[in-house]
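Across the two complexes that follow, chain A remains constant while its partner is chain B and subsequently chain C.
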Partner chain A sequence: MKVAICVKQAIDETELKVGPNGTPLIAGAATKVSTFDKNAVEEALRLKSSGGGEAVIFTVGPADARKAMKEALAMGAERGVHIIADSERLDPMLVAQLLAKAIQKSGPYDVVLCSEGSSDTYCGQVPPMLAECLGQPYAGYARKIELAGASSKVERALEDRVEVVECPLPFVASVVSEINEPRYPTLIQIMQASKKPVEELSPQALGVSTEKSLVRVETMNAQSMNRKRVLIEGTPEEGASKLIEALAKEGVIPG
Partner chain B sequence: MPIYSSEHRRLMQILHPSNHEEYSELLSSLGGFMEKKILPLSPKFDTEELSIANSRKELLGQGLCQIPFPSEYGGLGLPFSVYATAIELLGYADASTALSIEIHNAVSEGIFQFGNETQKKKYLPKLTSGQMLASFSLTEPTSGSDARTIGTTAKRTGDGYVINGSKMFITNAGDAETYLVFARTERGPSCFIVDAPNHGMTFGEPLKKMGMRGSRTCEVLFSDCQVPESNLVGEEGKGLDYAKGILHGARIVVAALNVGIAQTALEKAVAYSRQRKAFGQPISEFQLTREKFADMKTGISAGRLLYLYASRVKEMGHDCSSEASQAKVFATEMSLKVCDAAIQVYGGYGYTTEDIHRHWRDARLLTIGEGTSEVLRLLIARKELAGSA
Partner chain C sequence: MSQEVWAFSESDSVANETLTAANEIANAISGKAVMLLVQADSPGKASVGKKLVVKGSAQSPDSPEFVSEAISRAAKQANPAVILVGGTKNGREVAARISVRLMRGCLSDVSKLSSDGKTLAGERGEYAGKVLTRVVADLPCVATVKAGSYPPASGKGTETSEVQVGDVQAKTKTLSVNRKPAATVDLKAAKIIVSAGRGVKKKEDLAIIESLARTLGGTLGCSRPLSSDLGWLPEDYHIGLTGLNVKPDLYIAVGISGQLQHVAGIKDSKVVAAINIDKEAPIFQAADYGVVGDLYQVVPALEKALTSKRK
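Here is the complex of A and B:
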């Protein structure tokens, strides 16, 4: 079983500061591997553990995206492929094309896993575009993946229902966070991850021109959210009634 | 804000300009583990008095016990300041766990510093990997700061020693598999490794403590406890020198632990002050509340700098006894003040909410344990007077 996992170096939203005009201060912001990508890595390791094989991490980003790659490698993947590009200037389609070419070059893979969306911009567009570029079936928002020979059964967590689909291998899936609990690598695993092989590729080497981005981000603003901070006091019984009343008033639950 | 914050990152950059990224990566990952796996259960460890062996022994295998020891003994060979920072993060997540691990690592430090090669190879890989839990047995029912008066004896027999006596307030006792025991031989206080179980070693009931309830503490009783000669650490009669050597490092770590406790208390107080209203506005708007936060924050930053400075002095191989003592005296007393101020911010809820007064109860131990503030002040002053003579 060979599994490719696509990860992104995302802005660490827990440390992101917002400037006085409401613009997030992205330049110099701390980064990390996108939170939900760890679920994809964990799932790849689970799929691999049942039948052996290889888990390979793919990422598109500048040289320092290696840090995100390392976090994923520390979890247990065998090696990495780093496509060095200025990801800030790439739209999802270009990222998908770069990943597809690199996956084809290094593959074939039985399964390609992504997360449902990155923990910074949460576009969620790369996984389906990647499937299209690879010409493979796509199962989005997977909360459970079962492999059986040359086929798979995937439970998809949709907004109002769970859909179960059968997918022939190879396929691309994006996973939701409920699919598993990512492991925490030990300190020694983190240190050893630096020694794992990482192949570096350029867009040119993959034959992809990154000049024409179809999407251009004009501005980015923090959304202001005013919390109401309602403090409910009283006995647990009184509190429960008041809470139900308050939630109904806000339209959170039926009145 | 993550447990391993941007402030920690900056300090690591100042301390270790060449390797700070690697150290921050490790500490950030550890912080994430603690935030998810330890912090949410911390109130339960306190109320249900769950010891580390009963509820979170897997933490020992996460790498915390490997940090400052060389790789040949299963360690990671990282600077002491990285280890001390890791204990600060753990102190933030759960003080009891940090205490148990700090004691465990103090035993590893003792074997590493003063044990022979056979002992290091036999014990350190199991201790650093967390396969074994360790306990440090020095204090006795009537011998604390005056450790020279220990009454526990170790008599030579044909092929080893027989230990008799008792030890008091021993962290991890009953749970640990390895004990570093100080007992008097003909040549004076000496240090032994005692493996558990041992027919001659029994344990009292866990002591009912004010705080640090998630860390087991009890009396250890020795009755004709036989120990092979190969388990004598170093030389007979040098036990107290070894204990002092171990405790210098341990005091730096205790200081770090207290900075972690204080940081938790401050963050809780700040969050509460934003939502609690009085006289028509959040109490965070009042200047007297803000004064408290300013003092709390300043104390925490100073405590952090002191323990990191002492760590660097130790890393560079200098005598750190005074710096370690300064860090411990200051950080433990600062932590108590910060936790007390947090209770004040919470008002009546501070006095009645276990999750707030728990921090004060935890912090209260450490102006006493591992060198009282009084004894350490004497040490600091003695060094100062000697230096100016």
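Here is the complex of A and C:
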């Protein structure tokens, strides 16, 4: 069983600061592994564990993306492929094309896993685009994956229903966080991760031009959260009566 | 490129919202909005719109794979300026697939769409709602329209036509569909919502939060851990980035720490109140009124005060 996992070093939304003119300070912002990517890595390790094989991490991004790679390797993946891109933000179509080329070059893989969307921009486009680029079956929003020989049964968690689909191997899937509980690597695993092989590839080597984006960012503005932030302290009874008074004054409960 | 603006969603209610967006863009580019319906060639629903009829015994005519292939084929012939897809989970897949097949740019989950005849622009929340980003793609292009961001179209207004798109072979097969029990709550329409979070220690204790909601004439909601991880409440109670966006007059967050992902779903509320034992909880930064205290004491006190006030 060979599994490819796509991870992203994403801007940490909790740490993102806003400049004086109301624009978010994207350049130099703190980053982290995109939250649900760890679920994709965990699921790959689970799928692999039943019959041995290999879990290979793929990432697209600048040098900073090595942090996501290292974390995924520490969790237990064998090796990595880092596609070097200058820009922190690439059109999802380009990301999918780059990943598809790199996966084809280093594969074949039985399963390709992504998370449902990245925690920074949450477009959710790369996984289905990747399946299209690879010409493989796709199961999005998977909450359970069961392999059975050359095929699989995948439970898809949709808004109002759960669908079970039969997906022949090789396939691409995106996972939701309830699929598993990602493991924490041990100190030894974290130390060993830096010794695991990581291949670096350029977009040129993959024959993909990153010059032209089909989708461009026009403006970015911080959303103001103008809340009153009145703190009410005291006994539970005092808190309750002060809150009721304030809410009645706002006209949102009967006075 | 034709001046047509196509609208599609597999969900009837979202399809009507998407048509509103399509009407606006069609006006802007002096074009025509067209509602798309994708059907197997077995007797279809009698509805208004452009029907893309797929030949053969399609296994699952609702599957994104099937729908995206049908729309891509029709688009290769008609070359519409814009294809709008309702921003559901399957809708995102449909739009992404079409954009690869047609090599067109794809805006994801946008609202406030506009077009100057050459490009399509739209606004999306990013970084857990901290940032509003305006993204743009050259026409012709594809976009998913954020669910709930447009009112449903009044009167469908597009003519009925049929296009035969031929046979579609799907790579995946739908084995079963388990509908979740019909939504017992309509949080999107609720005027008052009282939401529970991880501060609630056990499932049975939800009763005190629900009771407060009832006393206020409101509806119970929750943050992600309670529905997705603990399974204490169904998914249609889940408010936040990956759940529902709500806009009540009053939102009361009880025992919710206030992660950005949750706050993203409540930012359109008129007034936000929070009850939390931790004075440093981020929810107090996102609330108009914050009561610092143990929810197990404050919630009953609130209920008692409200009830005695009514007498």
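Quick notes on this structure:
Assume the second predicted complex is superposed on the first by the 218 of 255 C-alpha atoms of A that agree within 3 Å, B and C clash if a C-alpha of one lies under 4 Å from a C-alpha of the other, contacts with A are read in each partner's own complex, and residues count from 1 in each chain.
What we mean here is this: contacts are C-beta pairs under 8 Å (C-beta built on N, C-alpha and C of every residue); 3 or more make two chains touch, one makes a residue touch a chain.
Only a predicted model underlies this, so the values are computations on that prediction, with no experimental measurement involved.
When both complexes are overlaid on chain A, the residue A:Ala205 reaches neither chain B nor chain C.
Of the two partner chains placed by the overlay, only chain C lies in contact with A:Cys167; chain B stays clear of it.
In the superposition on chain A, A:Leu231 contacts both chain B and chain C.
Contact with chain C, but none with chain B, is seen for A:Pro92 once the two complexes are overlaid on the shared chain. In the superposed model, A:Leu25 lies in contact with neither chain B nor chain C.
Set against each other, chain B and chain C touch different numbers of residues in chain A, with C touching more.
Residue contacts after overlaying the shared chain place A:Asp120 against chain C, while chain B stays out of touching range.
In the superposition on chain A, A:Gly140 contacts chain C only, with no contact to chain B. Legend: residue contacts after superposition of the two complexes on their common chain; A:Met191 is shown touching chain B, with no touch to chain C. Touch criterion met: A:Lys67 reaches chain B, while chain C stays clear of it.
Looking at chain A, you'll find residues 14, 229, 231 touch chain B in one structure and chain C in the other. Chain C meets chain A in the complex at residues 63-65, 88-90, 92-93, 95-97, 99-101, 103-109, 121, 124-138, 141, 171-180, 183, 192, 216, 228-229, 235-236, 241-242, 249-250, 260, 263, 267, 270-273, 275, 279, 284-294, 297-298, 300-302, 304-306, 309. Against chain C, in their complex, chain A makes its touches with residues 11, 13-14, 16, 18, 24, 91-93, 96, 116, 119-125, 127-129, 131-133, 136-141, 153, 157-168, 171, 176-178, 213-223, 225, 227-233, 236-237, 239-244, 246-247, 250, 252-253. Within the complex formed with chain B, the chain A residues making contact are 12, 14-15, 30, 32, 67, 70-71, 74, 184-188, 190-191, 194, 229, 231. The touching residues of chain B, when paired with chain A in their complex, are 1-2, 5-6, 9, 21-22, 25-26, 28-30, 32-33, 36-37, 61-64, 66-67, 76, 274-277.
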